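Just so it is clear, A, B, C and D label the chains in written order, and each chain counts residues from 1 on its own.
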Amino acid sequence: METAVKPRTEVELEVRYAETDQMGVVHHSNYLCWFEVARTRHCEESGHHYADIEEQGHWLVVTGASIRYRQGARYGEKVVVSCALDWVATRAVQFAYEVRCEGRLLATGTTEHVWVDRKTRRHCRIPGYLSDTFLRLAGQDRLQRPKS
Amino acid sequence: METAVKPRTEVELEVRYAETDQMGVVHHSNYLCWFEVARTRHCEESGHHYADIEEQGHWLVVTGASIRYRQGARYGEKVVVSCALDWVATRAVQFAYEVRCEGRLLATGTTEHVWVDRKTRRHCRIPGYLSDTFLRLAGQDRLQRPKS
Amino acid sequence: METAVKPRTEVELEVRYAETDQMGVVHHSNYLCWFEVARTRHCEESGHHYADIEEQGHWLVVTGASIRYRQGARYGEKVVVSCALDWVATRAVQFAYEVRCEGRLLATGTTEHVWVDRKTRRHCRIPGYLSDTFLRLAGQDRLQRPKS
Amino acid sequence: METAVKPRTEVELEVRYAETDQMGVVHHSNYLCWFEVARTRHCEESGHHYADIEEQGHWLVVTGASIRYRQGARYGEKVVVSCALDWVATRAVQFAYEVRCEGRLLATGTTEHVWVDRKTRRHCRIPGYLSDTFLRLAGQDRLQRPKS
């Protein structure tokens, strides 16, 4: 069902000292925060900052995450975190991420999300005003069913 | 104006690996989180969990913090964080903290806070239902003016 | 090849205010830190604190993590994080986790790790002095090959 | 003893979702991490990345921190964190920070540090190769005694 190349957004981040642990590399939990920064930028560049999406009344709640770590990132390095929209379904979406440092692949990952209506706090369909954008980001011509 | 000994609450915390940095000790920003855990417990033991205080419509917003670090805390160690209420004024409070490891003093600090009404998002007086408790915690017989 | 019930270690954690995000629940990255606390306790209760394992010259580096989030955890709540050793292979191990709040399952996850020699910074076999313990924790009679 | 204007380095940071708490603003502990990013950049722009300073055998250990919070920072906003070297003494230094958002001052702070020799893990004098740089950053003509 995928009909087009998916746009991919890159963010350059400087490794923060506070992100390291006593192993001398970035603690593995921080990659989820980095993914989030790249996801924020990806939405923003598509025209919808996630802060506005929340303001409009919806949350994109994380329901799953998965990460493969290949090499550590070190304080003093800059990493490039990229994000693409894997797929969008009627009620869920999955983003995919890569973390690189000077070309070397440090980590890959995905996060899965569902839409939640802020007022009712219940799961809901993708907000109508976002579906064209998300379809384009996912390179799909229509909403699919979740793969999982 | 201080008329009584101030009660002090202690919390034992296990140092988390994620809290260390590449220096091999706990990153200094985590002490503010530890202070908060001790402050939460201190309020809870006085009969008012801070989660309930928020639910009742007030925030105790941090307006200042100050920390002296004397020795590092290490993964594998347990620290004891203690909290007391330094003083309570009509619109502000200050808590004081100590962090110890097996008796050794690792750090001391204070945080200053003001009351904010959640609905109006404006500064306000200490909620009436809390003032007796806070006066007792501070060992005061009446609300004082902020020292700073 | 699994020959016995796997021991499971539980840790009770109070949700920290600093762990929440503006959605009003614990930010999803913190679950990896909670898993780590439970993993630390699991190793400790088996007789080998991970701080000692590092001191002896080995790192148990995280190579993968996967989490399913079912319900949010809130400030004011206590969660129970449990950890078991899924399997142990010659050069890798996988731990499994559950996070509960008053019986309700909030999240599940796994982390995969490889052994690294601190001096050479190269992958290595499980340190000899640990293999009996890890086999017992995994309920295995011998080291298996990684499943992934 | 101050003989010149102190150079000041600015870093622009995007507020991360993970940095917010349930009050809807950035949790106060993160300002110490932001200060650190600005301090890193300030050293780097003076010609000495702190990662290299550590590599050369010295730590600049935090011994004190103090912060005044005036307004919250929100997800979706960009903040500018600036750093200057307040003073440099034979064995200690103090940095000062400001956090702004579109001109509005959100917070100010200072951190105090001492030099530690990585090999001996003992306090030491400022490494000789750094003193000219630090004197210039502090706008001093010679090392002073700590003010505290």
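Just so we're on the same page, a residue touches a chain if its C-beta (ideal position, glycine included) is under 8 Å from a C-beta of that chain, and two chains touch if they have at least 3 such contacts.
The model shown is predicted, which means the values in this text are computed figures rather than measured ones.
Q: Taking contacts as defined above, which has more of them, A-C or B-C?
A: Between B-C and A-C, contacts are more numerous in A-C.
Q: Need the most distant chain from chain C, centre defined as the mean of C-alpha atoms.
A: D
Q: So the centre of each chain is just the mean of its C-alpha atoms; given that, what is the distance between chain A and chain C in Å?
A: 25
Q: Cα centroid separation between chain A and chain B, in whole Å?
A: Distance between chain centres, rounded to whole Å: 35 Å.
Q: Using CA atom averages as chain centres, what separation in Å is found between chain B and chain C?
A: 31
Q: Scan chain A for residues touching two or more other chains and write them down.
A: If we look for residues of chain A contacting two or more partner chains, we find 17-18, 22-23, 29, 32-33, 36, 75.
Q: For chain A, which residues are in contact with chain D within the complex?
A: Answer in residue numbers: 14, 16-18, 32-33, 36-37, 40, 49-52, 74-76.
Q: Considering only the defined contacts, which chain D positions touch chain C in the complex?
A: Touch list, chain D to chain C: 17-18, 20-25, 27, 29, 75.
Q: Report the residues of chain A in contact with chain C in the complex, numbered from low to high.
A: Those in contact with chain C are residues 22-23, 28-30, 32-33, 36, 54, 59, 61-70, 72.
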